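Same chain, two partners: chain A is paired with chain B first, then with chain C.
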Partner chain A sequence: MATRLPAASIEIIWQDGSGSRGISECHRHSSQDVAAVNAAATSLCSVLLNVSDAAIVEYITKWRFYISDARPTSGTTKNYGATLIFATATTDEYAMVEVLGVPTSYIVDGMIDIANADIAAIGANIIASGYCNPFGSVATTLIAAVPTFTP
Partner chain B sequence: MQIDAALLPIVAGNIRKLADRYVWIDDTSWRKGYNAIAEMLIMQNGIVDSIDRLYRLLDASLNGTAYTADSSTPPVVTPAIPAAPGAVDGLASGLRKQLLDSQGVLPAGWFGWGDAPATTADLVRAMRNDSQAQIDRVKSSFSALQTLAQGATVFDVVSGFITDGAEITAEGGILATLIVSTMAQAAMMGAQAGQLDSLIAKLDRLVTSLDGGATPAPATNVISELQATNTLLG
Partner chain C sequence: MALVAKPTLVVTIDYIDSTGSKGQSVTHLPAATTMAAAIVKVDATVALLLASTDCAIVGYSIATGKLETSTPAPTLGSRVEGRATLTFRTAAAKTAHFGFPAPKGALTAATGGLVSTQADLAALITDLLGGYCDSNGSDLTALIADELIFNRTSIRQRTTDTSPAT
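Let's turn to the complex of A and B:
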């Protein structure tokens, strides 16, 4: 993990009477923890609503980190990917993690082989680190990985 | 219609897009959609896995290939499915081997076939007896039988005919039974012919005692002669 930008961004999602949505953005210093940023964002939203007919449906806080700006000199493109699907601690709920630029060599019989050591390592990392789906259900078992191609 | 497997990643990639938040009107719908899409992608994986399972089932049933799976999740099944099925000769079991075994290989028989797995065509050909050489051989044997008088000699000819390269206990056994039965009937007919000869000889003696064996025989008969004698005596 490399440089951390000095500011976290707060994306505020607006929605008007037709259902259309728009985004406005403001920033907080990245040294602040989540609770402080959330409290500030909630407070800001409450006063913003006083001057708008639109509703604020959600806000998204982002901390940006740079890992590397290196690019491979050859290889596949981001269009080729793999979606790893995990069972979660919640019944009938799943967690999906995408990997982009996956070479076709990982495809066996039309599918990504989850027994492959590289794929299994990703699965083990996700599970051991406690990643969850967008709804808070923690991933427990890597059950499938499908190759994806998005033109 | 055959579905190109290369389409699967494209389908999966586009389905995956539907799991993004902006597609859904609210979080509740998003949650349902997200998990439904995950299940659809898993199902795609399941389709491929099901095809593999069907291949292994057919391969095990037809070719006798023995598959094993370890205890990992998902299990690793060996041997791996080959890019193209290999030769099946020499397999220890399987339906194809059983079918091949059921054909059986006979020694060269008196119909002139054998040393290869029997086919339905072989069976039909055996019943049709459509080989000219075979027909000539049978005719020749029957002709020889007609000219022979002694039963023992007949049996020798028939026995030679049967056992000439034949599987005696199988093919020859059946025909031998039929031939012995026929020979028994012939013997009975011979005995009846002897009895007829004896009866004819006795009849000849009776006729001779009546008409003295005159040639030509008298024009009258015994009854009329007796009546004439009775008249003279009267």
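Let's turn to the complex of A and C:
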């Protein structure tokens, strides 16, 4: 469905003696896996540190995909959304997934109806696919979904 | 240097609505997920999201990386505004640039160019020519120019010494 762009980007983030930050960007073939690109980036960072007086604070490797036949429904706005809240395998840690452009018909008693078939299907997919929160705790149960509006 | 892997892959899904406004939603997959597996999962999720949104999903990105947990102090006086810029020829006969900030003094020639034969810089160039490509996926094949450029360097102020042989 989605088409992978031919190159994965590596953004290297630098910090200089004044605290200012800068970025270097380069690319590897996007057919390479995460481990291979990260290994190349780590190696490149060690070489770069020999030629620069600035310090490297982070690098980000990114693969991009596009969907060429995407068409939004007429009259829609992305500002109405739904935030799905999941319990995770770690006590007192939660995971959230936001869906933009959600019809207001999903709202029941001020909340997004998690019994709605479409919302329940997303929730089941998030859990079955092993999505997690930013700390790596895997989502286990859809516990609520909150409508959001960005003015 | 202690670059530590981030705990997750960051999945960013890009939306567009009928007014042309763009939005994103972000979720995560465990870092151990392979790219092939991640693509299968995200494609499946996007298909389900499309049933619930009136927006169009125009693409997504999957990102990861590493964080430096013990950043060494940058050299006093180093500035990111000064960049060593390397220009490469690609296999598709186009040019691609790579720059890094605050090049060490030993790399800079009196003419304002870079000394690409200096051992550390030569090692960097060799690394970049060994598997890196441009944004279209065309391999870097040869270094054709190098120079030191500051943020406010005008075209007239740029050095004429860009030969990689110096």
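By definition in this document, the second predicted complex is superposed on the first by the 129 of 151 C-alpha atoms of A that agree within 3 Å, B and C clash if a C-alpha of one lies under 4 Å from a C-alpha of the other, contacts with A are read in each partner's own complex, and residues count from 1 in each chain.
The criterion applied here is as follows: contacts are C-beta pairs under 8 Å (C-beta built on N, C-alpha and C of every residue); 3 or more make two chains touch, one makes a residue touch a chain.
From a predicted model like this one, the values you see are computed outputs, not experimental measurements.
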item	value
Room on chain A for both chain B and chain C (clash or fit)	fit
Partner chain in contact with A:Val146 - chain B first, chain C second, else both or neither	first
Touching partner for A:Asp92 - first (chain B), second (chain C), both, neither	first
Partner touching more residues of chain A, whether chain B or chain C	C
CA minimum distance (chain B, chain C), superposed complexes, angstrom	9
Footprint overlap on chain A, where chain B in one structure and chain C in the other make contact	21, 81, 95, 98, 133-135
For the chain C and chain A complex, residues of the former touching the latter	1, 3, 5, 7-11, 15-19, 21-31, 33-36, 39, 41-49, 51-68, 71-81, 83-84, 98-104, 107, 120-121, 123-124, 127-128, 131-137
Of chain A, residues touching chain C in the complex	1-2, 4-7, 9, 11-12, 14-18, 20-22, 24-30, 33-34, 38, 40-67, 70-79, 81-82, 95, 97-103, 106, 118-119, 121-122, 125-126, 129-136, 138
Contact set on chain A toward chain B in their complex	19, 21, 80-81, 83, 85, 92-96, 98, 107, 109-111, 114-115, 133-135, 141, 143-151
Touching residues on chain B, where the partner in the complex is chain A	5, 8-10, 12-14, 16-17, 19, 21-22, 25, 27, 30-31, 34-35, 37-39, 41-42, 44-45, 48-49, 52, 72-74, 76, 81
